[in-house]
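Accompanying notes for the structure given below.
Chains here go by letter, A, B, C and D, matching the order in which they are written, and residues are numbered from 1 within each.
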Amino acid sequence: MTVSPPATANPDTFAERLGTFYAVGRWSAVNDDLPWTPAPKSLPCMWRYANLRPFVEEAAEFVKGDAAALRVLTHLNPGHREYEAACGHLYSGLQALKPHESMTCHRHAASAVRFVHEGHGGWTAVDGDRVEVGTGDVIITPSRRWHEHGNDADEGLVIWQDLTNDPLVNTLGANFFELHPDGTHLPTTPRRDTHATWGGLLLPDTRRRHEGSPLYSYPWEKCRESLENAARAGHHDPHDGVVLEYADPSTGGPVTPTTGCRLQLLRAGERTLTHRRTGAVVYVVAEGTGTTTIEGTDFEWSAGDTFCVPSWARHHHTNRSGTGEAVLFSADESPLLRALGLYVEDTGPFDGS
Amino acid sequence: MTVSPPATANPDTFAERLGTFYAVGRWSAVNDDLPWTPAPKSLPCMWRYANLRPFVEEAAEFVKGDAAALRVLTHLNPGHREYEAACGHLYSGLQALKPHESMTCHRHAASAVRFVHEGHGGWTAVDGDRVEVGTGDVIITPSRRWHEHGNDADEGLVIWQDLTNDPLVNTLGANFFELHPDGTHLPTTPRRDTHATWGGLLLPDTRRRHEGSPLYSYPWEKCRESLENAARAGHHDPHDGVVLEYADPSTGGPVTPTTGCRLQLLRAGERTLTHRRTGAVVYVVAEGTGTTTIEGTDFEWSAGDTFCVPSWARHHHTNRSGTGEAVLFSADESPLLRALGLYVEDTGPFDGS
Amino acid sequence: MTVSPPATANPDTFAERLGTFYAVGRWSAVNDDLPWTPAPKSLPCMWRYANLRPFVEEAAEFVKGDAAALRVLTHLNPGHREYEAACGHLYSGLQALKPHESMTCHRHAASAVRFVHEGHGGWTAVDGDRVEVGTGDVIITPSRRWHEHGNDADEGLVIWQDLTNDPLVNTLGANFFELHPDGTHLPTTPRRDTHATWGGLLLPDTRRRHEGSPLYSYPWEKCRESLENAARAGHHDPHDGVVLEYADPSTGGPVTPTTGCRLQLLRAGERTLTHRRTGAVVYVVAEGTGTTTIEGTDFEWSAGDTFCVPSWARHHHTNRSGTGEAVLFSADESPLLRALGLYVEDTGPFDGS
Amino acid sequence: MTVSPPATANPDTFAERLGTFYAVGRWSAVNDDLPWTPAPKSLPCMWRYANLRPFVEEAAEFVKGDAAALRVLTHLNPGHREYEAACGHLYSGLQALKPHESMTCHRHAASAVRFVHEGHGGWTAVDGDRVEVGTGDVIITPSRRWHEHGNDADEGLVIWQDLTNDPLVNTLGANFFELHPDGTHLPTTPRRDTHATWGGLLLPDTRRRHEGSPLYSYPWEKCRESLENAARAGHHDPHDGVVLEYADPSTGGPVTPTTGCRLQLLRAGERTLTHRRTGAVVYVVAEGTGTTTIEGTDFEWSAGDTFCVPSWARHHHTNRSGTGEAVLFSADESPLLRALGLYVEDTGPFDGS
């Protein structure tokens, strides 16, 4: 067969005619959709707790807990305000529970990590196992497990930050959401105790592989102590300071299949080296004050603030205090990227950093 | 701390005021972004080869091979024409090479699978290993391996269909694209032979795990023969007919970490049972005629046509011929969904199907 | 070719003539070497601490610590006294260190687990990391890691029980033994801290897979507390009581690739159900008194005693105390059996037990 | 507590007194049971086919096929004649089936590999799937699968070599042997076809992990062709010549969990470099003549001969022919050693080799 030029060869009308058949010509291998290097739509951004907390209180006034399943202020990224993700495919939002409120028990295919900002009397229950939650605690609600939350205190809001992979699971067409038919799944007597079972050195039969950590809560005191111990033992990474991962005790791996959590300590005055990695990261400041420089822009933070580093963005951290430590909690997509063989880290050289 | 209602509680201006801080109120757990069941943006769609082939020829006239890195008609999905993916996060497009054309050697983090529609003299080379490609052959170019393609014939187009995970790798902020500094990576004498090494019953040291199949081509005759053999041996799935996977010989698993390929045979007159799965699928008709019914809509196909089944869409296939077999090639996202613990299959019951 | 009967067919001299060529006729598929069911050479056996401890003291008199690398009373199995294994391919022995003694640093391909019976001032160091060891502690020295031990007290023996896979590694022809050229590998300042790093809820980068636990010691108090917590949380196995595994925190799996460790609690008066499993088990009584019935024979034990259950031997445990708990430590071959696809458990029914 | 020397300290009677309690003193870390380097009991050995074949014929006369489940000449190792293993924990023996004989269907926990030496009309069936077997074919009967064998020819013996892990499974106390209640498990019409299913480039759903290859036979022609192709493609290992593994198509790994099989080609006149590895190897000469030098001793071989290389024994191969190729089949324990983290290879330097 020879290539016979079509009688109607007409580049000017080509695109329009072709479009009627749901197709488009692509004449270059590299374009907006096929970049030379990662070009995520998310931009570096910061959400100050001091700015958002008044809105949390205000919403607590007019959003009724008994009528709504949620009362959340969702962090939007300036690179894609219409897409409810703080960075990459990580959802982030501030959720508030008023005294004596509790949420209807539910479950979903997405996985959630929660960082508690403030409040007394908060609790969460996963798979019938209820744990009290306090400031700095990290709560895991793995994919497809029934869970519910509440605030048992007589006064004061419980405020935590939800960090989920909903955007990812949604864009993959794989999310399922279900309300528990009884409203609650809590038995009169809780049937087991996640800390008793998974929080020690000995474990139950560990051959079963979970799709998320069977340890549902990581209390702040124990996590902070781990960080302190690691620092004393000499652990230090030039790009991240003293950094540890929240580990699923049944695997030694990340707490969910796509989102990992880390806690990192920046010593007084420390300035880390610049690096970049594939996968988005959302940081929550747990302690101290400092600056994170992302692609040349400084973001100054203090406790409670949230900021994000998009995939492949160069960044480094500086603890501006001359005396105090700074501690950053973060949720990141590195488990997702690794699972797909797409994780890359680049440590430079970068100019002067 | 008591919750003091802010003096300025004003639901009417809440959203606008909050928006200045890059946040939005979310008062419901289930909405467009958090559906009860998967709600992919992709719609079922068909692209007829008879409709698009004239455009391939026309493009071959005015798109110069020596000036362009690509000459591809990209399949667009009516659910998201602005997003270059045929379905879910699978890219699909028809690429044409004119006689004596060859593409500049390149590599990228995305993985590609190619199904050859027509032509003589086509070849592809991966990692310095050159193989001839003919109609029905399937070519794999794994993540990050150098590759290039060409048409050595004196006349006639070589046309194949590219099926890649570019949309996925891009949205994860993890794509990298690179042109080979020398234009070609082919040595005077090819340095090894993918079929000699990976196409037989004995293999080289198999402990090394690849990020994609080291067998770069699956010739049509061998694949069709496997299907015939499986049919004779009695393999049959009520939802897919006689179905086999293109296997990475070094792992027995899918040909790339996120995209798998299958070949399935529908016997004369066969009508499969309805089912649905998470993950998008793009089908290419290799042989025969038939109908695929997707969420109640019939898509009639014949050899060369492409159609897609979005995630979680109910579908079944019917071979309308009373005498001839039909064969469907497909690329699907099930390896991606499985890697993240998000693969679900639902086999009904569905009304009367 | 037809089978021509050899002229010299002579069954009577066949074996002798054949033997000269290093061969033997085997005319039955099932014989001593190919049993119908597992026929381990090891027999159930008990070694009382009260019987052996005087010999430990006696040996401490005439076996010089400075001349000998070891001072161990090795448990022999009555089924194979010539083969230095307590049961199956598990080595067991009581080792004693006198005041101010220390062993030369060494390493080997075999893995060791140590259960501390008594003494103050004991320490062990693995990979330059020194930990104090006390009664009930469990120490892990993984394959190929440098390690050394000592007794810093001014008086009193430190006595522990070595449980190793030396017999297995030896019979596989894969053991290597090496003395450290400097006698010790301990730096002036220990370079890290196994508990600080691996004993908390947060872990260092956990993607590295170890060939044995990076947590080198499991203190008795923490292990006993885990058991108590699990009991309170309602964990209970009818064949083993409240049972937990010593877990490698970096994998959630067993502490070495072939030997696992467990701690189990028998409540006052508890009698477990009979079962049997492939793989040998060596038990050390940590607390209480009771009886283990192995293939119909009762073995009565109290704290410090050692007994073994050979592969596939039916057994059950009885806590004879009406008021006190009993606690058993055990080292078992189940990781080995599982790694080879040979682990089988049989829970009966067994007559009346 | 102070260490009080026992009143009866008496080294001379110590061992005898201690022995009554099933214990022995061990005062050195390195002894016959704890060597510095691997000290397997197996010795290098050769079994010539020409020597053993007359015994096979003789046994066929007086060992009745209808009374015996087996008619096997078992290879014994001069290092441990009482232990029925050719080398390490690999069993090897020559089995003969007379015309119209067939064996009772059976199964066991051990895995078997068979190399066919000669004969026409032989067949083997695994899991109801019957395949014809000819000279040079390799047959796999995985752990716990029903299997049976027969000779359908009118004249001539079928002789193959059994290579099993029975010694390993027995010494681990994990073997089970069972005869099929019906004598045969073959249906009137075989229910599937191992080659049709697992012998091509496309495979059935490959997520299921097998405990042994689902491809039960590796025909000689295809294996020899793979070797030829690999040689032409330039594959070559200085220690093993052109070497390929028999691969489980569902995993890309070894054909059984503990025993792997390899086929290697020595070019005319080739002499490989000396190396040593942990794990025993039994070789069967498939083609040609040559010499293997094991720890300094030459073993000259020709087609049909068997020889063994014990764990950690230095060895190299020489093809003595100036014109013809030599081909060695081997069964080895490397999968076992690797599964336990005990595989080590040493490539020298060795003096002058």
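The rule is simple: a contact is a pair of C-beta atoms (placed from the backbone, for glycine too) under 8 Å apart; a residue touches a chain by one contact, two chains touch by 3 or more.
For clarity, every value in this text was computed on a predicted model and none was experimentally measured.
Summarising the inter-chain layout, the chain whose CA centre lies farthest from the centre of chain A is D.
Each chain gets one centre point, the mean of its Cα atoms, and the points for chain C and chain D are 30 Å apart.
For the pair chain B and chain D, the distance between mean C-alpha positions equals 43 Å. Centre to centre, using the average C-alpha position, chain B and chain C are separated by 52 Å. For chain A, the set of residues that touch two or more other chains is empty. Chain-to-chain contact here is organised cyclically: the chains close a single ring, every chain touching exactly two others.
Within the complex formed with chain B, the chain D residues making contact are 191-193, 195-197, 199-207, 215, 218-219, 222-223, 225-227, 229-230, 232-235, 244-254, 263, 338. Interface residues of chain C facing chain D in the complex, by the touch rule stated above, are 1-6, 8-11, 14, 17-19, 21-30, 33-40, 42, 45, 47-48, 51-52, 54-55, 57-63, 68-78, 81, 84, 88-89, 93, 98-99, 106, 108-109, 143, 155-157, 166-178, 211, 257-258, 278-280, 310-312, 333, 336-337, 339-344.
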